[in-house]
Amino acid sequence: MSIFIDDNTRLVVQGITGRDGSFHSKQMMEYGTHVVSGVTPGKGGQKFENSVPIFNTVYEAVRETGANTSVIYVPPVGAADAMMEAADAGIELVVCITEGVPVLDMTFVYPFMKEKGVRLLGPNCPGLISPGKSKVGIIPGRICTPGPIGLVSRSGTLTYELVYQMTRAGMGQTTCVGIGGDPINGTNFIDCLSAFERDPDTTAVVMIGEIGGTDEQEAAKFVKEKMTKPVVGFIAGQTAPPGRRMGHAGAIISGSSGTALEKMQAFEEHGLGVAERPIDVVGLLKERMK
Amino acid sequence: MSIFIDDNTRLVVQGITGRDGSFHSKQMMEYGTHVVSGVTPGKGGQKFENSVPIFNTVYEAVRETGANTSVIYVPPVGAADAMMEAADAGIELVVCITEGVPVLDMTFVYPFMKEKGVRLLGPNCPGLISPGKSKVGIIPGRICTPGPIGLVSRSGTLTYELVYQMTRAGMGQTTCVGIGGDPINGTNFIDCLSAFERDPDTTAVVMIGEIGGTDEQEAAKFVKEKMTKPVVGFIAGQTAPPGRRMGHAGAIISGSSGTALEKMQAFEEHGLGVAERPIDVVGLLKERMK
Amino acid sequence: MRLARGQAITGAKLNIHEYQAKEIFRSHGVPIPPGDVATTPEEAESIARQFGGTVVVKAQVHAGGRGKAGGVKLAKTAQEAKDVASKILGMKIKGITVEKVLVTPAADIATEAYVGIILDRVSKKPVFMVSPAGGIEIEEVAATTPEKIMRLPIDSRYGLRGYQAMELGFFLYSDVKQVRAAATIMQDLYHAFMDSGASLAEINPLVTTPAGEVLALDAKMVIDDNELARRPSIAALRDESSEDPSEVAARQANLTFIKLDGNVGCIVNGAGLAMATMDLVKYYGGDPANFLDIGGSSNPEKVVSALRIITSDPNVKAILFNIFGGITRTDDVANGIVTATKANPLKVPIVIRLTGTNEEIAVKILTANGFSAMTDMDEAVKKAVALATGKAA
Amino acid sequence: MRLARGQAITGAKLNIHEYQAKEIFRSHGVPIPPGDVATTPEEAESIARQFGGTVVVKAQVHAGGRGKAGGVKLAKTAQEAKDVASKILGMKIKGITVEKVLVTPAADIATEAYVGIILDRVSKKPVFMVSPAGGIEIEEVAATTPEKIMRLPIDSRYGLRGYQAMELGFFLYSDVKQVRAAATIMQDLYHAFMDSGASLAEINPLVTTPAGEVLALDAKMVIDDNELARRPSIAALRDESSEDPSEVAARQANLTFIKLDGNVGCIVNGAGLAMATMDLVKYYGGDPANFLDIGGSSNPEKVVSALRIITSDPNVKAILFNIFGGITRTDDVANGIVTATKANPLKVPIVIRLTGTNEEIAVKILTANGFSAMTDMDEAVKKAVALATGKAA
């Protein structure tokens, strides 16, 4: 088992003919993801890599190819529309890779998704991978291996780092989910934690947070109150200065709120394992899974 | 029993110090409605008729007086805001009497009410009355009398006419509801019919429609499929010319759709009693209630 | 496919002229060829001369089917424009006299499409309707080839989204440049619709030229009357010369009035009761001469205006009042009747039915002034019909 | 009460000057006294002379607490304005040199309130924060008298509704005229916020005058960087003279860079990994000299720019590369290092950790050019810290 994506995932790629879209579509196809269609307005009727039909609209792609999941690689200015188009067309899971989406756009997109009952991952996220089954987004497939650990993270390359260390230590993953670094995103830690709690194949979870906001604190509370499985957490940004945005639009300490310390304390308080260094995650997992 | 309003109705009047608002507030108070507060921005702290406290906002009125129902007598340009304010403040039933609300405003108000789970009656409606219990709006109390008939209508004075004839014939009412003559309104025939169907004290229902739209046709279908109680219908506008708005913003025949004939045929088809003249309603009711 | 127009919220609202709608669309960015309005053949000639080349001369009236009625003509020269304008100016289209023509350069047309937005009561939303079969009335397309119409409801909370505009564009065109041009026009039209408080906005035809440009050649717009109070610049577009004078007078008196061809003049309070009264007139063999709702607040002056409007119709053979006093005070109505008939004695019989608020006072006033009053609607209508048709009640 | 600011989406985005924010607010209808910008004491004098009477001279810098720092002064005469301006121009406020002052007529003040809008990550909405305790920083009010702050999240699908604007107004004032004036200002401010793509818009203080007028005396606005591509007129407001030169250079090279005071220069791909790298530097006893994310697409030029920026910091005693190749090709990074160091030989030691895409090629390139490469993050950080601090790893 896995969460959000599996062998039944039928993927449409929005922006399939763009630089990033085409590169990652090939990667996903190589990994075994069922890429059933692509969308690029004006290129309807063509084929990607001589096999994947391209449509002008997501609506057509869904109608013609039964896509149930979409991944978005369009420029920031069109990303809000792309997300809403996917939801409107009947897609169940929308994964928006695009970085740089204006936050005000998300104040429209977020309630739209809620109204439609559609799960949105991102924007500004690396997507997700259920090793051995399906990969949607840009997480490198070769660093992952199937196994019992669920991973959820606000970061991209830091996720790779941790997955890599876990894989090297022989700890495979059910699903690795990057929820994205933007301040308003579709799916939060708690959504993923509760999915992992329900997933029978996941036996422990790694949660990678960073400075900014209070999602990690709330997630820690959720872990204590609702979860039976062990959770190990890591927070990036202990050395981040207040008031500066650390790359991710959401990674900012405002006043005294959103610091790494505060988040690590919340982890401690609610019984999560707290990794001081990335490398500590593996050890803590082993300890807690005994 | 009755529908939507009863002895537990605690009413706040929005626009209580205006010409219409003050007149009808007095009428409602005389009828026995629990008018617990009024709202007029800038008159907070004053009292209406030396007894009803006035507030600057509905939020305050709800907090201070436990109002659960609101009635709106504000000018058209402020009506959309008044409806949304009431819903936002926690009011459960909003009755908008105001006529002349721009229809585009309602394309925002309608989904707002749905999101908040608030029942809206109107706009451009006479309100409703549960004879002997409570009256919210402008239906004259003295033409009504308690009894077993439910009445729902798109019209104001035509409702009075029919209620008057029913009362004269000894047929009292559980609740008389005017849903309003505007093309986009909060509550439709089916909402009221299903409430009457659930109300144990209502034994038969009168439905008064008019030209424009297809609500009556859908309501007739609902009667056949979902109702056990007899329903008698009347449609105004058999002589209305196509393409002209007959007073009510919603009363217009467009193309071949929305005619009185079409609606009366739908009534016939689905087994409702069809009154050719207003006066026939009483006879049909008697027949069907045997 | 259900035709949204049947559910459209349009009709007796503010119609504005083509040239006015074009000005609004243009100000929102819709590409529209230039044009100027003429009220005389000479003006038309001089406008045509300025543009040079072939022009189209188009009657400016609030009526569909102008083309079929001969209200739209090509003119190859300025002289021809003058001749054509002299024929169109003054002609009657669906009963309305043409007072103005729009003169605009003729465009080369490759394809004609239809684009419209209506306010739809079923979805409770503005709805786009587009069709690649433009240039003819959309009702005709709906009747014959409904599959050629795409309907798209727009949630006004989110506005017309770019992807929706593109979907509409793809329904019309396959060339992606034209699709994008059309999508931009959809956005512009949507903003024009929302910003003007419209209940209908239409481009028919939206054409492509042989060079591939996408242009709006015609424009139509209907405004929700309820918007006018907060949009004075739109309200100022009303052209009363193109409306029935009795309806203009009624509007000025705050009466809702629609003229018909019957013999029984009806004065009623409330729209539903007014319609029911008209229906009952018909039921008993008469013909209603009008719809007239004096509304809720019944000051005597309104009644005076109502009587003036009704009695100016020579077809009216009897007048019927049907007043159910709720907010309306029946004594106000009675006073209005007395005042009006003193100033202008009636030439046709009158039947007065009133009941409700202050009924006793009203009856006293009427009786003192030689009128009799009834309380039953059915009886009153029967009597009025009998008086109008000369048959015994 | 939770202070929304703690959740605000603000910070390292585009800050604009007070006078620029005022211009935007004014164009949306916010009542703001006139004002002009001076870059020399003489200009300040002449502006003050034009206004006549007492003026306020205000430093235009992107920093809070200007007043406390002496960056805001009253001047009763034009001469005094010149003197005051000559003191303020050139002074440093929180490390930033004042290059411009705003000269504006002094207003008579009866009351001072605070009005702000921030983008809030918890409610995922723009949130109004207003307080009758204005003129001081809102954080201070939140800390001492939180009950004096009203927070109101706005659903941008419906916009700021009139009733909400009135509620905010009633929280500030009791006189209904002032409430209405404030409500209108809330609407104007909201539109300015939305139309500019802001993440913060603030009026502090919003004052009432003894005559009862409501006026905005100060204005602050922060723009979401992601909005700039579609809002060129806002993007043009950026004043690079008020920013750190190394950050300007980084932005021009499409790098995300934040300067700190440490001794280990960090070049990383990905924001999360960059932060984790800095934390690890600290963990092992070093101090990160910066945050630097080269982003996903790793063309060698970016690496060259990154090295140029890092090496221009004299505090940097060692350079640490930490690259996890996913989209980023590690061979691109290796090529960038080689190119950059050939052009400008390094004066400090460098530690390179890379793994992932094209790792083997990268290692070959580096080795061929005399660099050694590591694959373990922990080891690499330890080594860089040792080199920077002079202690054995």
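The chains carry the letters A, B, C and D, assigned in the order they are written, with residues numbered from 1 in each.
Keep this in mind: contacts are C-beta pairs under 8 Å (C-beta built on N, C-alpha and C of every residue); 3 or more make two chains touch, one makes a residue touch a chain.
Only a predicted model underlies this, so the values are computations on that prediction, with no experimental measurement involved.
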Exercise for the section: Averaged over CA atoms, how far is the centre of chain B from the centre of chain C? Could you give it in whole Å? Expected result: 28
Handout entry: Centre distance in Å when chain A and chain C are each reduced to the mean of their C-alpha atoms
Key = 54
Handout entry: For chain C, residues contacting two or more additional chains
Key = 157-158
Handout entry: Multi-chain contact sites of chain B, meaning residues that touch two or more partners
Key = 108
Practice task
If you connect every pair of chains that touch, what shape comes out? Choose line, ring, star, complete or other.
Solution key: other
Practice task
So, with touch as defined above, which chain pairs make the list?
Solution key: A-C, A-D, B-C, B-D, C-D
Problem - Interface residues, chain C side, partner chain B - complex - result: 3, 5-13, 119, 121-122, 124-126, 139, 155-157, 194, 197, 199, 224-227, 229-230, 256, 258, 260, 268-276, 278-283, 288, 291, 293, 296, 324-328, 355-357, 377-378
Handout entry: Residues of chain B defined as touching chain D within the complex
Key = 41-42, 44, 56-59, 78, 81-82, 84-85, 88, 108, 112
Problem - Residues of chain B defined as touching chain C within the complex - result: 20, 23, 76-77, 100-104, 106-108, 110-111, 126, 138-140, 143, 153-161, 164, 181, 183-184, 208, 210-214, 234, 236-241, 243-252, 254-258, 260, 276-279
Practice task
State the interface residues of chain D toward chain C in the complex, per the touch definition above.
Solution key: 157-158
Practice task
Over in the complex, which chain D residues touch chain B? Could you list them?
Solution key: 158, 161-164, 166-167, 170, 176, 179
